[in-house]
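In the two complexes that follow, chain A is the common piece, with chain B as its partner first and chain C second.
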Partner chain A sequence: MALITQRVDVPVIVDESKCLEKCTACIEVCPLDVLAKNPETGKAYMKYDECWFCLPCEKECPTNAITVQIPFLLR
Partner chain B sequence: MNTQWMKTDVLIVGGGTAGTMAAIKAKQANPQGDVLILEKANIRRSGAIAMGMDGVNTAVIPGNSTPEQYVREITISNDGILNQKAVYQTGKLGFEVIQELESWGVKFQKDAQGEYDLKQVHRVGKYVLPMPEGKDLKQILTRQVKRHKARVTNRVMATRVLVKDGRAIGAVGFDVRNGDFVVIQAKAVVLCTGASGRLGLPASGYLYGTYENPTNAGDGYSMAYHAGAELTNIECFQINPLIKDYNGPACAYVASPFGAYTANAEGNRFISCDYWSGQMMLEVWKELNSGKGPVQLKMTHLDEDTIAEIETILWANERPSRGRFHEGRGENYRTHGVEMNISEIGLCSGHSASGVWVNEKAETTMPGLYAAGDMASVPHNYMIGAFVFGRLAGTNAVDYIADLEHIEPDAEFLEAEKTRIYAPMTRPNGVPHTQIEYKLRRLVNDYLQPPKVDNKMKIGLRNFERYQETLDLMGARDPHELMRCMEVHFIRDCAEMAARASLYRKESRWGLYHYRVEYPEKNNEEWFCHVNLKKDSSGEMFLFKRPVEPYIVDVDIETEVYDVAVR
Partner chain C sequence: MSNDIDSELNQWLEMLQSSDLSDRLVAVKSLQYLGDEDALEPLIAALGDESLAVQKLAVTALWELANPKAVPALLECLASPDLEIRAEALSALGELISPDRLLLLLDALHRDDLNMQLNVLILLRKIHDVQSLPYVLPFFESENAQLREAAVTTLRYLNQVERCDRAIPLLSDPDDSVRRATVLTLGHLVDSEVVPRLCQVLTSDLDWQVRRNAAKSLELHADPAAVVALELAIADEHWQVRKFALQAWQKTPDNRTMPILIQALTDEYSDVRREAAKSLAALKNPAALNALQQSLDDPDRDVCIYTQRAIETIQAATKEISNA
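This part shows the complex of A and B:
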């Protein structure tokens, strides 16, 4: 199989200046398990574009670092 | 790869609405017994009620309605095909569930006199109890699970039920973060994995832009099937009228008691009742095909205070991103109707009737295997029905295991299942699950979306059978991708069941849910029965008629026919 990597616009945006290195709240609550920490920066990011735009991540973030947009295809 | 072995008395697969309640009730029934919830996500925010609910859709509250009235209402809405004894349980036990939830801190709407403020959304009775402050439902349940000392293992996905000597003896699966193989031995297993919510492809093309929480991919339908249990009413699809593109509830159940209604483009009503039924969906379909669409949920005639109140409910609960969706389009309930569309198909007894066959004790046809919630066959059961059947499953499972010991699972089966699960990891350059899933679900739309056409469904079925080989092309690079790959296996199984059951029932019933072009009429003489299916001894899918259980509440289904068309 030959594969390429394509760019996609992802719905979840993390404001890195607000994201706490020791926190994993958003990652723990996401029902689709699509958020992760960037090992280099310690900041959360959307690793997989598989989002139900349900908002637990945004709601449970202690610093309001997360913004969930409606996924582009539905927006 | 590591293997984790666990042992428990009652294993609950899926810690959503039904699952958390099943665990609590099993612990209440026997505090000394060990109860384990296995959850693919994290029970704090998983499943349909991750962000709470707008309201209880099926509340039978003394003084407002009776279980008998409720059974009659659902019998007529579901065209007579149901096990009334099971539906009766929801009517009888729902009130206790509501009271218990209230004692745990869940808030339900009350009127000035402090009475439950029920609304009429169904055709006849008042069963809708608003929960404008329902957003923390799941955290409250999680707290109770901990308080009752039920154990929880999050982020482990079950893939198969373990069966030996004709009974369920545990489950297998894997950790979706570290990839460990997980084997759980149990004396009884309760499946509560929700709907088959990723069956059809949403019109937006976004795989996860579904009505149901997309973690619910039909896992329990498929696992129960492979365990040897019977499934029923699979041809009675779930098809909902939803906000176009957003694909979530608009939500008429909330807004119609305030005076909102479903209308065509001219603003005229074409249905007299907004309760979701197959016949109502058929009217929506006809309206859209008559050139009078698009169909809208109309609120523009309501006053400012009413609209503001509706917004507060709809934008804080259940699907709170509705507000930002409308905002993004520059639309507003004051100035625009909400454009509605017909959803892709799914399987869900919570809204229609498809599921693993259960009786009024939440028992499946396999000893030791229980099912509850959207995947168990109690029609129109919604959230309270999930709680009631979770409760029945938890309590009855504890009774069942009283004199039972654990049984060792079959080593050969475990090895084979391990190989099946991890196969995509051996092909990191295989076809990504996203493409495999997209094509499968697009085929579901092409061949199964009603109106159902004989030849199309046959082509669909051939495609789904052949798709077994396509699944073998799928590649995964980490345990997360592996989870999505195994979900595609479940989706394929559900697609095949949906095609076969639809072909088997040679009549039309449940409005759009099973509208067959070749057999456009309802035929009670031949088809007043369930269509059940199971895996036979040779591993083939076997379909058969199962008689409807004798009614306990009299309904003359020949004369009392559901019809909400405005003519």
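This part shows the complex of A and C:
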């Protein structure tokens, strides 16, 4: 899978102000393991450019910090 | 291995007591994933957390643990001021509640709390126990329309209830949703004395959904006394009323209404045309064959198929009679 180099145009968007440093809920539920923790900030981010738009990350986040942007043609 | 799990459990249980909200959120979420029965009591205690987010996650975690011991605590959440917590607790209890909790539910129904009463009325539908009838009936006279609607809907789910005279006045309730629920409930009761009232509602209620539900109920009753009202309803201004009136009519076919059925074959809505074709098939009257032949080129494929079937049914019935 291709690494994400720029974090501005990825489907899984994490609101860092809401993301909890000790929480790994989204990382654990992602079936593709594309989410990871940023070691510098402790916040979750989308590490690999691959997504099934299955939404558990958004649903399981305890603070509603995650938004998955589903492409128009998949809606 | 079990030591690892215990130490992980203890770590989260300790974190659940933290004064930091984010720690408690992480702890309750982790306990949900861990699914350890030993976390039951701490999770029940977390239902009283000051944070609504922690409370909601605790409800979800208890739901996943599915331990019946959590039922009384979850029941308390039905009176929560937060809508999401109430909805989550209701869903959880919908799966966890069992008939042996009936008395607990009936006790909760006496609480002077609108949300609690509303949710308990919904939960009583899962138990189907006729013992709850005397506790449900007073809500028919409630000042709150939501409670009246929930109570009359619950009545539909109670086993062994065949008639309920106290529900009939709700057919004239000022609230549309109460009337809609009442007509459907009266369809599920075996009491044939309600048929004239349902006929009256079918032809005169101002709300089309009430009229449609009345047609559905009359289909369940399948009483020939409703034929005249159904005949009027086939000409109703709303297509759904026309459609369900035709479906009800199929249960008690009557040759007198054939001209109306033939007219319904040209209705602007294909669902109505399809039901008209099915109704003519139920009549088995060869006089309808000409009209059905003309419907074979209907723009809706579904209507064509049912028209063809109707023609075949009538022809088969005619052949049987001539052979006899």
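Note that the second predicted complex is superposed on the first by the 62 of 75 C-alpha atoms of A that agree within 3 Å, B and C clash if a C-alpha of one lies under 4 Å from a C-alpha of the other, contacts with A are read in each partner's own complex, and residues count from 1 in each chain.
Throughout what follows, a contact is a pair of C-beta atoms (placed from the backbone, for glycine too) under 8 Å apart; a residue touches a chain by one contact, two chains touch by 3 or more.
Since the structure is predicted, the reported quantities are computational estimates derived from the model, not experimental observations.
In the superposition on chain A, no contact is made by A:I13 with either chain B or chain C.
By the touch criterion defined above, A:T63 reaches chain C but does not reach chain B. After overlaying the two complexes on the shared chain, residue contacts for A:E28 are found with chain B and with chain C alike. More residues of chain A are in touch with B than with the other of chain B and chain C.
Residue overlap on chain A between its contacts with chain B in one complex and with chain C in the other: 28, 60. Note for the complex: chain A touches chain B at residues 1, 3, 28-33, 47-48, 50-56, 59-60, 68-71, 73-75.
Considering their complex, residues 22-23, 25-26, 28-29, 33, 53, 57 of chain C touch chain A.
Across the complex, chain A meets chain C through its residues 20-23, 25, 28, 60, 62-63. For chain B in complex with chain A, the touching residues are 41-42, 44-47, 50-51, 155, 176-177, 204-210, 213-215, 245-247, 319-321, 324-325, 328, 427, 429-432, 473, 475, 480, 483-484.
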